[in-house]
Each structure stands twice: as structure tokens, then as C-alpha cells.
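Each of the two complexes below includes chain A, the first together with chain B, the second together with chain C.
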Partner chain A sequence: MHKSKNIISLIDQNRAILLLILLTCFSAIFAPNFANRMNLSTILISGCMLAIISVGFTLVFILAQIDLSIGATAQFCGMLCVGLQPELGWTLSLIIAVLAGALIGLFNGIVVVKFKIHSFIATIGTMTIIRGILHLYSDGGTKSIDNYSLGEFLETGQFPIWFIIIVIGAIILFVVLSRPDVKTIKGITTIVVPAVFIILWLTTKLFSPIVIITFIIISIGIFLVDHTRFGKGFYVVGGNPETAWLAGINKDMYIILGFVICGITASLAGSIFAMRLSSMTARFIFAQKALMTSLAAVIIGGTQLTGGKGNILKSYFGVLMFQVLFNMIGCFGLGFEIQIFINGLILAVVVFYEAYTNYRHELLKGQRPELLKEAQSIR
Partner chain B sequence: MGKGVYAMSAKDNTVLVKSRFNDVDDKNGISKLFDKAGVYVIALLLIILGIIVSPTKFLTPDNMLNILRAVGMLGITACGLSFVIYSSQMADMSVPSAMAFSGIITVQFLHFGLVPALILGIMFGMLIGLVNGIVVGYFRANAILWTLAMQFGMEGIMRYVWSGNQLYPDLEPGTSGAAFVNIFRMKVGPVPLLIIVMIVLYIIANIVMKKTKFGNQLKLVGSAYDVAKCTGINVRRTVLYAFLISSFTASVAGIFITSMNKLGVFYLGEGYDFKSVTAIVIGGMALSGGRGNIWGVLGGVLVMGLLNNILTFIGIPTAVQNVFVGLVFIAVVALHTYKLRKVGKDYA
Partner chain C sequence: MFKKCFSVILVMSLLVTLFVGCGSKEKEEKVEKTDSDKASVSDNTNEKSNLDKSKEIDVFSIIGSDGQPLILPTEKKEVPDRPEDPKALAEEDAGHWWDIEYAGWTTKKENLPKSPADGAIGKKVVLLKAGDHPYWTAYVNGFTQIAEAYDIEVKILNGNWNMDLQSQQVDQAINEKPDAVIFAPVDATACAPLMRKINQAGIPIIASNTIPAEAAMKYCTAWTGPDDWGQFRMLAKYFADEMGKEGGYAIVRHMPGSSPYFARTFAPITELVDYAPDMKLLAMDTANLEAEATMQLVSDWITKYGDELKGLILAGDGFSMTGTEEALKNAGREDIVVVAAGNSKTGMDAVKNGVCSGITYQSAEGDGAIALFTAVRYFNGEEMDPVAYLPRHIITADDVDNYMPAQW
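Moving on to the complex of A and B:
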């Protein structure tokens, strides 16, 4: 009995990647035109925006907060990036967009920490404000530019050789420094996964530059959260604020920083999306879909609202799972409406599942099954 | 801690506690008035501001009726949503979908006649509330997340089933479609039907909240969930009823908004969730639940209407008005939280 429980919890912990594999296999077998290089590359590209968003979003979740304004932030910063490009060029407009995102995050963080408003409520307010500013800035329409060179580079281009060497060098350095133990499964994966990645990158055209940029941002996030002392603080603050206080961790600073990072990643995601398409829409559904997909992806990735738990990599798998699902729906020739519906449905199922496990947990509170068994055997 | 450094006798302690509460209770007259009728004072100030901004046009009966008509639907949704917030469930984000859904269903079934269509519309709208109530009330899901998921899911269903199209009622005179479109435009004397429905709903809501057993139980559930559970109140069913009431008023508002636009479509209720929460919070109902009253909510709705009206008079576009509303919302919630923290409650 004990062993089966372990297996179930193992499945539950890795549900994002398992679902991703299952869905991919299913689509590869049944969906027409799914399993070819172009399509897989498209899936990776379309997942980029949400993947970058979910880095910061997971961080906020770990802190036991939530940021419902990410969709609007991404949209607004993307709009800013496109709108400023003709005068300032890409670099400067990207910097301004990211600064705007950081400012929005700072505002969120200060409202949550200093004014003590629950983050659900505060960020709904921020969302409305940003949407107002967005409509003011764009007159409710679409902004676009005629220069597609950057977008083409992001989708189909090649990085210069020095960049590739630096990235591969960094990966090898990281693997060597982490000194993987070859006898354990974890050690083997730390060696095999980067090797497969490098080979795929150099030999096939599966990874566009935008995907590589996404990977770099995700890696920075994972490194920051899982491998530094600073990053461990996020888990402590989210898991148990009192322990954090006793340990001398500045809880307020961490929460504000979490929101700032979330704002930065959201603005980066929006800007990169805008750069790829050279345009940005002001339609509400864009922000809404970004919010609900990343919300569902992060929760499917095993990150919990109660805080102290979360994994950026698993969130990425969750995002990829959704992209595969959407792509599959597209391959079957079904429309945008069904995507929205399935998205909402999955979010609902996940929220319900989390609530149900908590409910079961509440019911079993105070009972200790292993002791019960012992007591019965004595009798 | 700081005050209690000296050795305290029981008497000292009582004095200390008393003085602590005196901070909150014994204020001077103006402050007390502000506590009692805060929203209406703000409304009065806004009316004075409106007279200053536009002396000739603002205080006419026409404009006043316009303000009331503009906030009529908001008032109706806020009335029901305040039950959810009163039970400390923070928000019902599925209000827009309930509004749109009831409207679409009503238009869809208009060929059965007007009254059956209206009943069907309200029933289908309340279905959303039922599901919300079961999941949030019985399984203790996070209310905001679940209702958000419900909102997205329902929007997807409405987009899929009606393929994103707008649904027009038959406008031939004498048919039920014409009667349906007339609902919003109907007047009893000089007063539109919408306003009468709103005020009647508020009177009923006040009676339910203050005078009935359910209202008292709801107050206890909202202010202290565990205590209510231990008292033997069926907390789950109480929360379920709160969501049902919210979806009921949302459906009624949905029928009015559909009748106003003469078409049923999935995006009709957009924005009403946040606007009603703002109105409720301005009206002095705490997001932590169990505090505030229904007349305050009505005051909050009026303040929203006055604010929008005055901003329009000044010549500020709708987008900026949204920014204003958001800022006012955060400021008001922050103020509330500050006030409650002085009493010793952490989150508002």
C-alpha cells in the first residue's frame, strides 16, 4: 500500500511532463500534419511568451501571492516596445518596456506589502489601471511597424558563432561545476539533457533564436531560484513567513522583489512577442488568454497557491503541454473558440483537483493511517 | 508591548484595552458621521463638485435619472455580489459570463413567449452560480481562481455554441422580441423600470441580510468561518446560497443589458465583475467579510455613477475613467485595511 502511494505521488509531482509526453504521443499518432520539424518548431516558438511569463509568475506563486495583472502587463509593454521602436530603435524601446514592467511590479509589490492589500484584489485593480493606460496609448487599436527583419531573425535566423560558443561554454561550465554523480538518475540527466540539447541545436533547425532566448531566461530563473542562497529565501518566505522572520530574512523585500521580477518577465515576454510579430493588439482576449493559460500551466506544473512550493521547469512543461494541445486542436481543424473553452475547462479541472485534494486532506486531518493499522494489528 | 512595560494590574489592563478601543469608537462628530454614512458624504461632495463643474446641466432631473440609469445594471450586480463578499469569498469573477449567458439564453428561447424565456434565462444564469457554490462552498476551492476558470470556460462555451456570433431578437412589433427589447425602455411614470427593479432588489437584499436567519448566519460565516462551523451552521450551504444570489442578480442585470443592446453576445457583461467589487468596497463592505451593509453598497454604486458622470462632464475619455476607478479602488481598499488593522484585524 505504501509503495502504490509513492507511485501516485510521483505521478502527481511529474504530471506536467507526463501529460506533455502523453499528449505529444497522442497527437503524433492521430493528428494530421503534427509530427514534422516545422510544426514542432512552431510549437516551441508559440510557447515562448507564456514560458517567459511563467518564470516570474511561478516565483510569485512560491511567495504565496498571485499577480493577475501579468497579461495586461505583457500586452502594455509589448505595445510600448512596438510604439517606441520607430523613434528609438529596438534596444532602447526594449529597455523602456522592461523598465515599465519593473515599475508595474514595484507598484504591485508596494501595494501588497505596505498597504497590506491581498494580492488577488490589488492586482485586479492594477490590471484595470494598465488596461486603461493601454487603451489611452493605443486608441484601442493595433500598433504595428513595417520593419520585419528582427521578427524574421527571431523565427528563422541564426545566431553569430561567438554567441553559440559562449552559450555552449556556459552550459558545459555549469555541468562541470555542479559535479553530477553518474550513479544516480539525476546525475545522468544533468549530463544527458544538455548534451542532447547541444546536438539538436547544432544539427537541426528545431530551435529558433527566440526559443534559445527563452531557454536562457528560464535557465537564469532556475539558477537564481534553485541554486543560490538568495533564491532559497523565496521558498522560505512563501512556505512559512514566521520562520523567515526568525531566520532574519527580509520578507517584505522578497515579496516586492518577487513582484518586480514578475513584472520584468511579463514585460520581456510581451516585448519579445511584439518583436516577433512586429505588432501588438489591444484586444482584451489577448491579455485574458495569456493570464489563464499561464495560470493553468503553473498550477499544472505543481506550484501551489499556498506558497513555498513550485518549480520553474515544471511550469515550462505545463506551458508546452498547452501549446501542444492548442496545436493539436488546430491540426484537427477546430477553431479558436474551442481553444478558449478547453483552456478554461483545464483550468477549472486543475483548480477543482487542487481544491479536492485539500478537501480530502482536511477530512483526514488528525488521523494517522499508519498508526491505525498498527492499532488494528494489536487488537 | 511598548505600552505595557510597567507592571500592570488588572485595572490598568482594562484601562489600556479601553483606551485602545476608544481610538476606534470615541471619535469626534465629523469622523463618526463619516464612519456611519461615509459613502453618502462622498456622494454629497461629488454632487457639489458636479455643480461646480457644470452649474447648468448637472443638477437637472434628466441628468440625475441618467446617472441612475447608467448605474442601474451595476447596482443590480453589486447587490447580489455583496452577499458573496459578505461571506468572505472575496469576489465572483464569473458575473460577466452569467450576465451574457442569461441574455443569450433569453434571446434564444424568445419564441416560447417572453415570460418563459425570461425564467429560462435566469435559471441558466443561476446554473453558473450553482456550480460556483458547490465547488467553492463544498470543496473550498479558491473563490477567485475558480470563478475565473468558470468565466473563461463559459466564455469558451458561448463562443463555441453560438460560434462567436451576435444573437438578434425578432423586432417585429407585437412579438415577444419587441416586448423583450422594450424591457429596458419601459417606464413607470417618469422612472425607468430598471431603477425600480434595482431599488426593490436592494430593499429585499437588506431584509434578507439583516432580518432573516440566513443573513445572520452569513454574517457569522463571513466574519469567522471556523466559529460558524463549530456553532453548527451549515457553512457550505450558506456559501452556496451566497453564490446563487450573486448569479441571480447577475442574470437579472444580464437581461437588462441584453435588452438595452438589442442583441445577445458573449462579451456583454465585460468589466462588471471588477466594477461591482469596486462599488461594494467603496460602499464600506470589507473584503474580509462580515462587515458593512447593503445601503452602503447602494451608496458605493451611486458614487461610481456620479464619478463617471462628472468625469464625462469634464471631458475625460472612458479609458482614463477606468484608470481613475482602479486608483480609487486601490486607495479605498488600502484605507479600509488601515482602519481594520487599527482594530487588530490583518487583512481586509
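Moving on to the complex of A and C:
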């Protein structure tokens, strides 16, 4: 019984990657035109925007908050980036867009922390405000430019050799400094995964510049949150605010910072998307879909709505899982309604299982499981 | 120990299935290539007959669900000279919208793939449709009927009104290596880089329904669809006649980003400025074609403008008409003249029962059929205009029965 519980627990903890592997295997065998370099590259590229959004979104969830304005922020900042490009160029327009995202995040954080408004309500309000500003700025239309060179570079280009050397050097340095134990799975993974990635990057065209940029942003997020003392404070603040207060952690600062980072990642995601397509639409369905898919991906990735638990890498696997699903449905030529149904089904199963686990956890709260185990083994 | 084994098995299975998938694809491609090589040798003599067979297929006799022919003769348009700087003109000046209204007519095409001129029978076509809507269900019906007539293999990808999703589907469509792509863009402006991508892959594009912006038009072989601008200029004149060429009016707009968003707003505005200068535009706004939002919008206008509001122009006659009818009934303002873009069942019922004076005729099935038929003409090596419109007509109470039952 304990073994089966362990198996279930293991599957639950790694459900995002397991679902991803399952769907990928299924699609590779049965879906026509799925398993080729171009299609796999399409999946990676199409997941970039949501992947970057999920970095900040996961952080907000870890803080036991929610930010419903991420889709609108991504859309607005993307539109700002492409709208300002003709006058200011890409660099400056990107900086302004990211600053705008940071400001939106700061606004959200202050409203939640200082005015004590629940983040769900506060960010719905922000979302509506941004939607209005977006329509005012774009006049309901689309902002676009005729220059597609950056978009082409992001999708099919190649970084200069010095950049490649720096990135590979950073990866090797990270692996060496983390001193992996080759007798453990984690240790082997720490060596094998980067090695495979470097080989694939150098020998195939699987990883376009936009995918590499996404990996870099995700890596920075993972490093900050999981490998720094400051980053671990997010888990403490979200998981047990009282303990955080007792430990002298400034809870308000962490929450505001979480929203700011979320705003920054959303604005980056929208801007990079707008750069890739040299345009951004004012249709709000774009923001809605970005929000809903990111939400589903983060939850499937194992991040809890109650806070204190989450993993940026697993959120990324959740994003990839949805991209594989969308792609697979396209390969089969199935209708969009099938996609929505499967989307909803996966999310429902995961959410119900989460609810059941929380219910079991509440039942056992205050009890001492090690004594229970001992008592059961005696019986 | 268990965890180690489990992880290793999972990773191995992923790698194996990926290689299996890639390997089988390569084998399939090799087999197909060999077969097609053989076929091309033996079919050289039959090539002409395939083209002849394709030309002999008669699709003009196919009737749509509304009793009208599926393929109707496409209508040409007189294109005036382009103003020097259209954007410098006022929005009420027709010249301001020249680039959008006459998009495609004078565009210099770029890198268009040459027609193989080997007939349409057995070709593979990918349809990138904009989203789900009853209109699009009828569109696909018409599209499929033509596909069946020519034995064309069709794959349909639904963009669900999402630019992000459609951009992914463009990559998928290219990956399918079709003989042509029929592209109904979600966003008329943002589709330019997407169409460029397909064009660079050497795949001919027939743009459909929404008119792409000028920057996108140069990549497509042709565009087919409703002449929104022309239709709404006709409708505006009819509307003005119904209103006695005086009074205030308001416009319920289409969804932002689509070509009808501008066409179904500024075509009547610019037309009425000349045709009925005593008519006054009171308000215009979008309700995203939603019934509830339209009802709220129209009710607000009735409250605000009172008797000054004498007419309404709707960018759609489906949910927009439902919302408008509700608002007019609640306010007791059945005197307001209503015209709309048609032609759904709701719109035609509204014309029949007198709520609506007139709607434009736009065959959804014909829209789908003409798009694929244009691809057929391309495969047959025929010369064609860069733009092909569906016929224009205003349906009124006098002839609404001729268009029943509604396609959607």
C-alpha cells in the first residue's frame, strides 16, 4: 500500500513531464507529420510566449496570489513595443514596454498589499483598465510594421558565435559548480540534459533564437527562485506567512516584487511575440487565451493555488504539454471543439486530484503520520 | 531503485518513439517520392487528360442550401486613382480608406509560385479558417462541396479568432506541404508576416473572406470574398432612401481587427456624406457581435439621443440583430430604420417581420466555394484577377423568400 502511494505521489509530482512524454510519444507514433524537425521546432516556438509568462505567473502563485491581468499586460506591452518601434527602434521600445509591465505589476502589488484587496479582484480591475487603454492606444485595430527581419531572425536565425560560446560556457560552469552526484538520478540529469541540449543546438536547427531566449529567461527565473536564499523567501511567504513574519522576512515587499516580476515577464512575453510577428492585435481573445492556457499549465505543473509550492520548470513542461496537444489535434485535423474538450478534461482531472489531496491533507492535519505508520505496521 | 528504473524507461520510450516517428516519416517520404517519380514518368502522357478532366468538371450547377447556385459569377469593380496621401485625408473622405478598400488591385505581387497547370484533381489543400461561427460552418460546407467535386484532400485548421494560434497553424500548414493554402486571416494586418512565410515556402495562397492589408496582399495569388465596401455603399444608399435622406443614425461595428470593422463603418459614413449630407452620424461603437452587449449599446443610444436617432446600421445580422430587436422592443422604438450585413436566418426573419428594412446578401457557402474554386483555377493554369468579389445585392421584404432557407 505504501509502495502504491509512493508511485501515485511520484506520478503526481511529475505529472507535467509525464503528460508531456505521454502525449509526445502518442503523437510521434500516430499523428501524421508530427515527428519531424520543423514541427518540433514549431511546438517549441509557439510555446515561448506562454513559457515566459508562466515564469512570473508561477511566482505569483507561490506567493498564494493570482494575477489575472497577465494576458492583458502581455498584449498591451507587445502593442506598445511594436507601436513605438518606428520612432524609437526595437531596443528602446522593448525597454519602455518592459517598464510598462513592471509598472502594471507594481500597481497590482500595491493594491493587494497596501489596500488589502484580494489579488483576484484587484487584478481583474487592472485587466479591465489595461483593456481600455489598449483600445484607446490601438483604436481597436492592429499595430504592425513592414520590417520582418527581426521576426525572421527570432524564428530561423542563428546567434553570433560569441553569444553561443558565452551561453555554452555558462551552462558548463553551472554544471561544474553544482557538483552533481553521478550516483543519483538528479546528478545524471544535471550532466546529460545540458549535454544533449548543447549537441542538439549546435547540430540541428531545433532551437531557434526565440527558444534560446526563452530558455535563458526560464533559467534565470529558476536560478533566482530555487537557488538563492532570497528566492526561497517566496516559498516561505506564500506557504506560511506567519513563519515568514517571525523570521523577519518582509512579506509585503516579496508580494509586491512577485507582482512586479510577473508584470515584467508578461511584458517581455508580449513584446517578444510582437517582435516575432512584427504586429500585435487588439482582439481581447488573444489575452484571454494566454491567461487561461498559462493558468492551466501552471496548475498542471504542480503549483498550488494555496501557495508555498511551485516549480517554474514544471510550469514550462505544462506549457509544452498544451502546445503538443494543440499541435497533435492540428495534425489529426480534428476540430477546435476537441481541443477545448481535451484541455478542459486534463485540467479537470488535475484540479480534482489536487482538491482530493488537499482534503486528505486537511484530514491528517495535526496528526502525526509517523506514529500512524508505526501503529499501522504493528497491526 | 524504482524511481531510477522508471525515469530511465520513460526517457528511453520518448527517444524511441521520436526516432520511430521520424524514421517512418522519412520512409513514407521516400516511398512517396519513388511512387511519384514512377507516376510522373508513366503519367506524362496522361497529364493533359488530368487537366482536361479538371476543366470539364461543372461546379456551376451545384446548388447551395439556400437554393442559390454555389458558384456565382464574380463581380469586378471600378477602381479610382489612389490619392497621393490617403492617410492625410479626413476619415469621412472615401479616399482616406483607399488602401483598405481597394487592397490587392494594384499590388505588385512578390515571389508567386508558378502554376503547375496539371489540373486540380487529387490536390492537397489546407484551409486556415479564422474561427468558429455559424457563418464559417456554412463556409466549410460550400468549401467541402467543391473539394468533393475535384477529389481534393482538405485539412482544416481553426484559428479560433486567436492570432497566436493561427501563427502556429501557419507553421503546421507549411509542414503539411500542401499544393495550396486557403487563408482566412484572423487579423487583416497581422497576417502579413504569416502569409510571407507561406509564400517563402513556395506554397500558393488564396486569401479568403477578410481582406488582408496591402502589405499582405503581395504574397497571395488572389483574394476572394465579399465586397464589404461595395456592399455597404449600396446598403447606405438604400438606408438613406428609407430614411428620406435625413435624420440621425448610429453604427454598431464589427469585431476590432477584422476588415469589416472598417468597411462596415466607414463605407456608409463616407457614402452618406455625399449621398445624404443632411443625415448625421450620432455614434458608433463595437459590441463584438454579442447580443447582450448590442442590446445594452443600442439601449444606451436610444436613451441618450431619443428621437434624434432615426436609423441603425449593424455590422452583422445574427446576434447583433437579436440584441437590437430586443433594445428597440423594450424602448418602443420600432420606428427606427435598421439595416444590416447579412444574411443569416435571424437577419432574414427580421426582414420578413419588418424589424429590419434590408440586409446585404453574402453567401457563406459561396464564400467558401469561390475560395477553393479559385485555387482550382490556379491549378488549371488559368489567368485570373487578383481580387474576386462575391455578387452584391440588398435583400428586402420583396425578395427575402428567394433566399430561404438561410445558410446559417
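Keep this in mind: the second predicted complex is superposed on the first by the 336 of 379 C-alpha atoms of A that agree within 3 Å, B and C clash if a C-alpha of one lies under 4 Å from a C-alpha of the other, contacts with A are read in each partner's own complex, and residues count from 1 in each chain.
In the analysis below, a residue touches a chain if its C-beta (ideal position, glycine included) is under 8 Å from a C-beta of that chain, and two chains touch if they have at least 3 such contacts.
Nothing here was measured: the structure is a model prediction, and the numbers come from that model.
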| item | value |
| --- | --- |
| Touched partner set for A:K116, first chain B, second chain C, both or neither | first |
| Chain B versus chain C as contact partner of A:N240, first or second or both or neither | neither |
| First (chain B), second (chain C), both or neither touched by A:R131 | first |
| Partner chain(s) touched by A:L277 [first = chain B, second = chain C, both, neither] | second |
| Touching partner for A:E362 - first (chain B), second (chain C), both, neither | first |
| Which superposed partner A:F286 touches (first chain B, second chain C, both, neither) | second |
| Partner chain in contact with A:Q304 - chain B first, chain C second, else both or neither | neither |
| Touching both chain C and chain B, counted on chain A across the two superposed complexes | 135, 140, 336-337 |
| For the chain C and chain A complex, residues of the former touching the latter | 2-4, 6-7, 10, 13-14, 17-18, 20-22, 25, 132, 155-158, 160-165, 167-169, 171-172, 174-176, 186-190, 192-194, 196, 213, 215, 255-257, 261-262, 286 |
| Of chain A, residues touching chain B in the complex | 111, 115-118, 120-122, 124-129, 131-136, 140, 284, 288, 292, 295, 305, 336-345, 347-348, 351-352, 354-356, 358-359, 362 |
| Contact footprint of chain A on chain B as seen in their complex | 90-91, 135, 139-142, 144-146, 148-157, 159-160, 163-164, 270, 274, 277, 287, 317-327, 329-330, 333-334, 337-338, 341, 346-348 |
| Parts of chain A lying in touch with chain C, wherever the complex brings them together | 3, 6-7, 10, 18, 21, 24-25, 27-29, 33-36, 38-39, 42, 45-46, 49, 135, 138, 140-142, 144, 146, 148, 151, 185, 273, 276-283, 285-286, 289-290, 323, 326-327, 330-331, 333, 335-337 |
